[in-house]
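What follows is one structure encoded as structure tokens, with my remarks underneath.
Labels for the chains are A, B, C and D, by order of writing; each one numbers its residues from 1.
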Amino acid sequence: MPLNHTANGVYAIATTPFLDDFSVDTKSVDRLTDFYAEAGATGITILGIMGEAPKLEYEESLGIVRQVVGRSKLPIIVGVSAPGFAAMRRLARESMDLGAAGVMIAPPSNLRTDDQIRGYYASAVEAIGEDIPFVIQDYPLTLTVVMTPAVIRDIVNAHLSCVMLKHEDWPGLEKISALRKFQGEGSMREISILCGNGGLFLDFECERGADGAMTGYAFTDALADIVRLQAAGNRDAAHDMFDAHLPLIRYEQQQGVGLAVRKYVLKKRGLITSDLQRKPAGALTAKAREEVDYLLSRVARHDPRAVI
Amino acid sequence: MPLNHTANGVYAIATTPFLDDFSVDTKSVDRLTDFYAEAGATGITILGIMGEAPKLEYEESLGIVRQVVGRSKLPIIVGVSAPGFAAMRRLARESMDLGAAGVMIAPPSNLRTDDQIRGYYASAVEAIGEDIPFVIQDYPLTLTVVMTPAVIRDIVNAHLSCVMLKHEDWPGLEKISALRKFQGEGSMREISILCGNGGLFLDFECERGADGAMTGYAFTDALADIVRLQAAGNRDAAHDMFDAHLPLIRYEQQQGVGLAVRKYVLKKRGLITSDLQRKPAGALTAKAREEVDYLLSRVARHDPRAVI
Amino acid sequence: MPLNHTANGVYAIATTPFLDDFSVDTKSVDRLTDFYAEAGATGITILGIMGEAPKLEYEESLGIVRQVVGRSKLPIIVGVSAPGFAAMRRLARESMDLGAAGVMIAPPSNLRTDDQIRGYYASAVEAIGEDIPFVIQDYPLTLTVVMTPAVIRDIVNAHLSCVMLKHEDWPGLEKISALRKFQGEGSMREISILCGNGGLFLDFECERGADGAMTGYAFTDALADIVRLQAAGNRDAAHDMFDAHLPLIRYEQQQGVGLAVRKYVLKKRGLITSDLQRKPAGALTAKAREEVDYLLSRVARHDPRAVI
Amino acid sequence: MPLNHTANGVYAIATTPFLDDFSVDTKSVDRLTDFYAEAGATGITILGIMGEAPKLEYEESLGIVRQVVGRSKLPIIVGVSAPGFAAMRRLARESMDLGAAGVMIAPPSNLRTDDQIRGYYASAVEAIGEDIPFVIQDYPLTLTVVMTPAVIRDIVNAHLSCVMLKHEDWPGLEKISALRKFQGEGSMREISILCGNGGLFLDFECERGADGAMTGYAFTDALADIVRLQAAGNRDAAHDMFDAHLPLIRYEQQQGVGLAVRKYVLKKRGLITSDLQRKPAGALTAKAREEVDYLLSRVARHDPRAVI
């Protein structure tokens, strides 16, 4: 079923596991895919920045799409950001043919003006086709592209196939409020808003009107709890769960080294065999691993899933 | 007494309070200055980025130096970063004449190569004079200048007047370890390392060898506790105090809007009369203020100083 | 007389000459000021980026305003770009009190979105007052801020005191055409457009509808010829003069080292006593000086003013 | 024969021609390939930035390598810059298998420190293999990565397979002198230096010690003349030819729109069938085309090859 604006819950940003020879570890791909569903994820996003997509060859990328789509009953979003539209189109259309639910497109880092941003998404939609549901990735910290709420509204209104925002502006709470206000006053179509940034503001993002999270924090299950508790109006309990994980969320959210932390924890949880990354890769020193272990032990006082 | 490499504890990054007509609120300057000492700060840094230094006229800046130096028994560091060396020299020398302990210099954002960074600090030292102790501000997130540990070592070794690093690289834990390793093996003079970034990693920074914090988080007293507990080897207690404050620290550390949060909390604590900023300024919506109030109420469960 | 939208011709971007002790060389300031008028300039812009404005102390800046305004009968524009609005306001108002015709404001390099740019100029106008005519400096190569024609139109229409664009986008010819089209269709007030970028596209900029140049190329007299010839419809002659100077224009337009070239030529022309710059400064090697000398000898084959 | 440090003359940066349906125009590829040799080029570089490489699918890229290598007797350099090392390795090795002489690698735009740059090239060499001769592309204006001469020396000395620098720093003349000085004093292996930047400083680059040009200016034949005249010590004649083309060289060197100018001229010269670019693409207005025509007519007064 194609992705639409009612998507909510937690879409796990999937890590791409590698074997010691740096080939894709297909067994771990299966294990992770199963885990995300068991952990309460409502969808999976593959081939994102944290999925090391730019480090893969095309056939490897397509192989991962095929495997995850074939294995999971959840809707699968495929990151198709690429330096050129030819490659973007091909991956988008082949992924949809394989059964993906939609694609995600990040803007290239040289865009500056509102016109350039709107124009880029218009060209991207023209390239992939108007029939493929897509997600805007709004991540200025890494991509250096700043989109105002009004620009996002323009893109949404110009393209019916735009159904979701992966929101990871920083700071970003007011942006969620602004977009929901647009919808409330009828100036913007409804879209799903799922939040990234490693979950660092998930506690309040739900309260501002986000539909959930799309991020790869190693405790997908905890993210699912937080979103569920907030949806149920259980504010204090949601914050309690969030605060218990925040020291580790914050540690994992470090630029450059964050993926190493995430893979280390996923490995400790038994979900992937190796925490290797393809180059260029951040790495954890022994001291850093000890810090993560210590943080896990502290999380474990509140959340037994961190007992590992 | 001039600043030297033994400095430790918490240097508060002082906020600059304004009255409703946007003039400097000298009464609040006094109150804040007194508070920092009472809160356990071991020094005060004025005219930093979060002190809205670039928004002040020269005479206002010098007035604040005169007032704070006159009022406090703590060593005062003055931010003297400026677009040109003439202005930097003047503020540095006049501040020292007024009794400041040292100055802080951030690199201009157009520096890229190692040579450019080293060259800039050499020119800055030539400009202000070799007799003024100075602090390197290493803040790539805002300044976009990336200094390797080796470059910092080069600056330290080239200039005896370099006595401290305001460390706010992100991620930055390994940088502290690298610099302390340089000292341990004898390849770098000893310096003081005080950490910024709003305190977001203060829990581990102390464990990595930092001498404390230099940041403006509205609970200077809590920062002082954390540094003191870590210095006493009381790891769990330090982390407990840190974790209690982390949700608010994280909220205050938002780029652009963070200072509004900080001033709002300082006002609620009765330390400044108004939370106005000079333009350009981030502002808090009613919803954001409610979120800060909620965070304060949650911190208050662990730290009575947050009961306000 | 205050600056208005009818300004045209060549506004010389004034170099700030220094003596060997790095103090402002007031005699050379007078000589340069006189030269610009004799060379056919219709205005002078002081305290711009190439006037080393950020390297001056406030009193020095004001001293230069006083001296040039007092000496010249031409309208004087003062660059008042500053990290904060307090300093901008003060320099703007004191300059106007001294007799300046208007001020120029460049956007700070952290602006990204259309809203941020519009908002910045609104705040600047609020700061300096609506009664001071101002010039937008649009120089993305150095300032990293990209303004679309539509954003410039918004600023012009929002602020009656906006009377001129210093156009130095690159590429920029279509921007001139777009702005003139706005005026033609009545969607934008009339403004003066003077072009910078060292004059590198002045040949065609006039044909696109620019009113002239605002730049500091060391042959102000040649620039004035080109603008005059184009205004007279003498296309080929204008291009002949331009092409004769282009090799040197291009050499002087090198980022970082360009001002050293310009001052070297001005010194050779007898207009300033020393080509020293305040730090940080690009410098010319012996080889580079020989190259400039060679270029001058080649220009001299077509333009006797280059015989030096 | 594999590329080595003795390479000199003019390596043409090949344009990639497209048909009206945006597929690669293989007939024009042949025509261009033949033209470059006839025009006096000593080598051809394909799949560079101006060859729209990021807009091609992998098979298309490889198809172009196969075609050009099969057609030309000149050494062919293949641009293999890629977001990840897997794709870089594959294109590099398959290109060499097809008969390419070497590859060119540009640094990714997020590199800042000297260490990061050295480390990136070390990883790239590890990825493609030490047996493939490679060219460093040093193009800060577009890539935002700044390499000092010392860093280039480090890369050259660390990797025997580094045989050439595509020099397009701006300003860059002193960099050539610095590198040749390193060679002269024996601190750096000999490398070939070919200059890009559209040829905007080719007149002096040869005099500084460059071995020639690697750029795509539409008059390859004129570039070859300039390099040949300089090599023969015929300085004035070289500058005469350069100056005749400089107005057009300058016009073609505009960021973003330059490729449209280049393709327009190549089409007028009968070398490609269509001047279409794949999106995103700069385009020429009627006014811009008229300007290019006018420039061509002016160049034609000195160089009959511009009579078209």
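Following the convention adopted for this analysis, a residue touches a chain if its C-beta (ideal position, glycine included) is under 8 Å from a C-beta of that chain, and two chains touch if they have at least 3 such contacts.
This is a predicted model, so every value here is computed, not measured.
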Problem - Number of steps on the shortest touching-chain route linking subunit A and subunit C - result: 1
Fill in the blank from the handout: In contact with subunit B and subunit D alike are the chains A, C
Practice task
List the interface residue numbers of subunit B and of subunit C, divide the shared ones by all numbers used, and answer same when the ratio is over half, different when under half.
Solution key: same
Fill in the blank from the handout: CA centroids of subunit C and subunit D: separation to the nearest Å works out as 34
Problem - Intercentroid distance (Cα basis), subunit D paired with subunit A, Å - result: 38
Exercise for the section: For subunit C, write out the residues touching at least two other chains, lowest number first. Expected result: none
Exercise for the section: Have a look at which chains touch which and call the overall pattern line, ring, star, complete or other. Expected result: complete
Problem - For the subunit B and subunit A complex, residues of the former touching the latter - result: 170-171, 173-174, 177, 200-201, 203-204, 207-208, 239, 242-243, 246-247, 250, 254-257, 285, 287-288, 291, 298
Problem - Complex contacts: residues of subunit C adjacent to subunit B - result: 52, 54-58, 60, 83-87, 90, 109, 119-120, 123, 126-127, 278-280
Practice task
Please name which positions on subunit D make contact with subunit B in the complex.
Solution key: 112-116, 146-148, 150-151
